[in-house]
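We call the chains A, B, C and D, going by the order they appear; numbering starts again at 1 in every chain.
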Amino acid sequence: MTTLTMHNLTLRYPRQATATLADLSLAVASGELVVLLGTSGSGKSTLLRLIAGLLEPTAGDIRFDGQSVRALPAHRREAVLMFQKAYLFPFLSVADNIRFGLRVRGVAREQQRIAVQQMLALVELEGLECRFPAQLSGGQQQRVALARALVTQPRVLLLDEPFSSLDTSVRRSLQAAVRRIQRETGVTTVLVTHDLEEALSMADRVALLLDGRIAAYGTPQQVYTRPPTLAAARFLGITTFVAGTLHGCQLTTAAGVWVLGAASACAPAEPPRPAVVAIRPEQITLHPTRPADLPNCVLGQVQEQSYRGDVIEYLLKVAGLPEAVRVRRPTSDAPDPIGPEVWLHLPPAALWEVRAG
Amino acid sequence: MYQRSLLLLLCLMLAACSNTPAPLAPLPAPAPLDDWERIVADARGQTVNWYMWGGSESINSYVDQFYGTALQERYGITLNRVPVSDAVLAVDQLLSEKEAGIDPGSIDLIWINGENFASLKQADMLYGGWNQKLPNSVLVDYTNPALIYDFGVPIETFESPWSSAQFQFIYDSARTDPADLPRSYAALLEYACANQGRFTYIAPGPGAFQGTRFVKGALFELSGGAEQWRNFDQAQWEQWSPQLWAYLNELKPCLWRTGSAYPATEYELHGLFANREVDYSITQSVTGAGALIAEGAVPETARAFVFNDYMIGDYNYVAIPRNAPNRAAALVLANLLLEPEFQAAQILPENGFGLGYGIDVRKVTDEQDRATLEAAMDRLGAPATPPAELLAALVPDAAPEYQSLIEEGWRENVLIGN
Amino acid sequence: MLAPALVIVGGLFGASLWYSVLKSLGYLPFIGQFQITLEAYRNLLPGSGTPASREFLPALGFTLWVSGAATLLAAAGALGVVVVGLGRTRAPHAPRGIVPLLNLTLAFPHLVWAVAIALLLAQSGVLARVLFQLGLIATPADFPVLIRDPYGIGIIISYTTKLIPFLLLMLLATLHAQTDDYAAAAATLGASRWQTLRYVTLPLVLPALTAGMLLGFAFVFGAYEVPALLGVQFPRMLAVLALDFFRNADLRSRAEGMAISVLTGAIVLLVAAVAYALTARRTAGHG
Amino acid sequence: MQRGAVGCIWLYALASVLLPLGLFGLHALGPRWFFPALLPDSLSLEPLLALIGNPRTQAALGLSAQVALLVTGLAVLIGYPAARALTFAPLVGRGVILAVLFLPTVIPPIAIGIGLNSLMLQLGLAGTLIGVCIVHLIPVLPYVILTLSSMLSRYDRHYEEQAQVLGAGAWQVWWLVTLPMSLPALAVAALFAFLISWSEYLFTALIGGGRVITLPVLLFALVAGGNPTTLAGVALLIVAVPMLAILLASRLLGGGPQVVGVR
């Protein structure tokens, strides 16, 4: 069981204006599965390569259990990286692929054999040990790669978008298998993905990586419901941002005065200041008439509506707001039919302030 | 690493331009030429590298079988016959060795012809003073002018004879009646033009002396004699050469492929002859067509014939380079070539060599040897030209200066011209 | 890591080339000639009256003709095979088994191949014998002159037939490496079979074809053995001429021989540079 | 129509292999076969057996094999690191290096052969087996390096990183991953090297100084002598070995087209 910490990691290539990773710090608890979520080019894979020792940081430190591993070369770090493709050695059988890590460590043959059998059982591929990689399906290949990675009992397991090249159904089952195996083995794991759903469903904690920085870090629920910055919020599918002047719990906007959150969460002592608040589209409710006793109600004109199976999505024009407001309602709870005008209610508890950047 | 490789590269370039010879261990002092027994003793255990034209499989196996075996058994010498496509390759090798200052070199003995002999003499690459010191040199007639000039170049003490040859034609007795054979260049012209495309000769040029010799014969006949060509005379050449070109150009349209192409080697002409593209071939062999029949190169009905005059005869020789690594063994081999038993063997068609004697049979004192040599002559049989006819037509070669005049003149005036 | 390869190829090659150039400039130490002069090159110019001047230009023309004709014919042949034989298949891949067979032709060294061509096509060769038995010809002279002919037909046949499998393999390798199905893409965009060929397949194989043609041209241009075997005494190809002068009994003509071979190399380099410039411009457009 | 065209290619390919073999076979087995006879009067194995039994032929065969195998080994040993550097290492002057390596494929051998001979003499390598091998590397290496680097450029280095993170040290990565992954490329390159070296005449003749008599040198000497029986026999010998090598290689490597040098 290993804790993994990164301290002010920076990676900057010569002749490159911005750093690929800038002053990044992150702590992964022992046995935890942390998902690194981000767009392509955000530096996720680079971070994994740094942890694995395939890249050298420009500055900063990486520690396993508080001990720096910077001086250790990749093959001595005991941090196994699994790539998007399985990279099974095509000239080795499944069993030989799995025991590769033991072989290079000089583990006794009999132990290798036992370990291979255990791993095959773990990834549910018993009986395939004599096959060659070319004879396996994509999902099977990834399972073998996983077995090969785990057989050495690494201190840290690093997964670089291991499911992205698979079909949806195979991906689902493999995601479940990885989650199960990770729990069983308790190996500290960092998984990289750009798929929000995958991140939320698999992670103990999610780290949102944007432009080489951690934009949010917390449980899936924390990150999903309360992304702290504008950019993080945008990445998580939030499109409704309202700018205004915040004084205490009151936000004065061009669309009226809105109340934020529980009164205790506000700081009435502070002087008024400009602020931006965000709201998730599914938290806005729609009403045919103005709800009498609810705060934060505005009138919107329906511009578009689209059916999405479990939800219906609306785009509503609200006077005083520059962008149309996106609203998602469960199909069961949607007004049907909807008139040209509808009242929107933004519950105060669903509004939170986001920082710029 | 790159810097080091660059440096090495530079060194290589410099080495290529410098003339400083690579330092090599000096050879032990060679035995004096008068002490034959010591030469034989020195030669034991040596390997003699004999560079020779390797185009004829029958000659190759004759050499290996006869000399190779005898050298090993009698003298403990290993024969390394090095076949080259053209003796000029050996000349190239020697020149490069001289340029690089390589001594000892790689060649011990060369079967050489006049052109290359002249080149090596020009480059001062030959070992001298040895030919008449060989024990068997008493069998050689060193007063015979045909022998002491190689293509007109004096052999001095640089070459020892191996065999003799004379220019001859070959015809197929199954196709041509001997009575119809042309017996002079004039008759040949008539024959050729009466039988369009049925005659050709080997293109004169370096390495194809048979072709040059064919043209020389025409020159002799046109000018009415071979004697006046023994010494070089520019005026005489300018007087007769236009007539020579005229004759050859008259012949040209009647030739195979109307003279636009010529066989490059003797064997190519044999092929044309055997496949009935032309009626006559050319050979230098004392066995006439005999050796070629034995080899399967021409039909069994092939026979040799000569014109009534101007059939150039000569000797061929071996020479030892100045930087020969195994000089003693080379001397032993050169001596072995003159042994009467091998001289007798070399003329027999079934043995595959088929060139004439390098020694003078009259100088052989041993009765039995002499009888063997004479018997061998008698065994040549039908494919050979009768010795009397050969002798009657025999003339020696012209002065060496004419060689390149003829070759270049032929290219200019006959091959390319008009 | 490159050092040993560069020393061998660059070093040995460069030093030898340097040596050849020196000799062509009349630096002939074995006959005591150390002066550098351009005489050998001047002797090649027409009008200087030397044997070399009579033969150099015809040889140059003949060499260009033979190497150009052999290269173009081989390219046309290989392309024709790809177009006609494989053009209709959706992805122009070679039928199974043909590639190993074509590979086998590469086991024949050029000299051996030329010997086979001569045995087959000489006026008394096997083909002529077949025609004779069929009563189509009466004597070898009735058979067309294909070997040792003044137009270099024999040499061209030998090189063309030898180059076709080589170029074909290059083209097939290129098409094989094409994982994206451009031909199918073009077809869905409405291109006819011939349009697909013209606008898709041809441009795809063109770089490989150009490279192969250049290699072939350079090889034929500097070849010695085959022209020596299948050619006539005049005109001769440059390499044969060079070696002939080099091997002349008069050691002084070696400089001319070296000059001819240096020029042969220079011309090939020039052609290679032009071909490279042309293809570089073409591929530059594709990024 | 298409079936017919493919048939034509088949016929052409078959003819280009079988026709020369047949011609050589008939000539080698049938001496005294002259125009206008359609076939030799008699076929006998005797001339061919005599040729094969001839110690000179055997020596040439052995020497050819020795040279070609040595050259193959050297070419792969020298060419592989060079190709890897060309493919993966960030190089200054890559274009120049490529041009230098490309030169021997276009510059006619005649232009350098003579100078090479003098050079090798000065280095004391002329006329030696190793000298001939080194000189063979000049035409061989460019093909080996260009082949290897074109095949290596399709090689995914993630495999090496994968092995690294699984705990393999530099040597283990090389031995357990890089080498087996490169084997097909190495086999193709080795085949090219073998074929080119096996067929090489001019350089062998010039550098071997007549002391290193390989089969092509033997054949060229025979061409001037023109006896078709021996000529055809030697030609058969020259062709047989590379044919076996090619068959073996294509069996090992399977399908895809491979291109061998123009030589």
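A few points about this structure:
To be clear about the criterion, a residue touches a chain if its C-beta (ideal position, glycine included) is under 8 Å from a C-beta of that chain, and two chains touch if they have at least 3 such contacts.
Keep in mind that this is a model prediction, so the values were computed, not measured.
Shared contact partners of chain A and chain D, listed by label: none present.
Shared contacts of chain B and chain D, meaning chains that touch the two of them, come down to C.
When each chain is reduced to the average of its Cα atoms, A sits farthest from chain D.
Centrality by Cα centroid goes to chain D.
A count of contacting C-beta pairs for B-C and for C-D identifies C-D as the more extensively joined pair. If each chain is reduced to the centroid of its CA atoms, chain B and chain C end up 35 Å from each other. In this assembly, the C-alpha centroid of chain A lies 91 Å from the C-alpha centroid of chain B. Annotation: 61 Å between the Cα-based centres of chain A and chain C.
The centroid of the Cα atoms in chain C and the matching centroid in chain D are 18 Å apart.
Counting partner chains per residue, chain B has residues 12, 15-16, 86, 92, 99, 271, 275-277 touching two or more of them.
Residues of chain D found to touch two or more other chains are 34-36, 114-115, 118-119, 220, 223, 228. Residue positions of chain C touching 2 or more other chains: 1-2, 4, 6, 10, 12, 15-16, 18-19, 22, 124, 140.
If you draw each protein chain as a dot and join the dots that touch, the picture is not a line, a loop, a star, or fully joined; it has some other shape. Contact between chains, as defined at the top, is found for A-D, B-C, B-D, C-D.
For chain A in complex with chain D, the touching residues are 52-54, 73-81, 83, 85, 87, 89-91, 100-101, 103-105, 148-149, 152, 158. Residue ranges of chain C in contact with chain B, taken from their complex: 1-4, 6-7, 10-12, 14-16, 18-19, 22, 29-31, 51, 54-55, 122-124, 139-141, 145, 148-150, 232-234, 244, 247-251.
Contact residues on chain D toward chain B in their complex (touch as defined above): 31-32, 34-36, 54-56, 114-115, 117-119, 121-124, 126-127, 205-206, 209-211, 213, 217-218, 220-230. The touching residues of chain D, when paired with chain C in their complex, are 2, 5-6, 8-10, 12-14, 16-17, 19-20, 23-24, 26-27, 34-38, 78-79, 81-82, 84-86, 89, 91, 97, 100-101, 103-116, 118-119, 134-135, 137-138, 141-142, 145, 195, 198-199, 201-202, 216, 219-220, 223, 228, 231-232, 235, 238-239, 242-243, 245-247, 250, 255-260, 262-263. On chain B, the positions that touch chain D within their shared complex are 12, 15-16, 18, 21-22, 49, 51, 53-57, 60-61, 64, 80-86, 89-90, 92-93, 96-97, 99-100, 102, 106-107, 265, 267-268, 270-271, 274-277, 295-297, 299-300.
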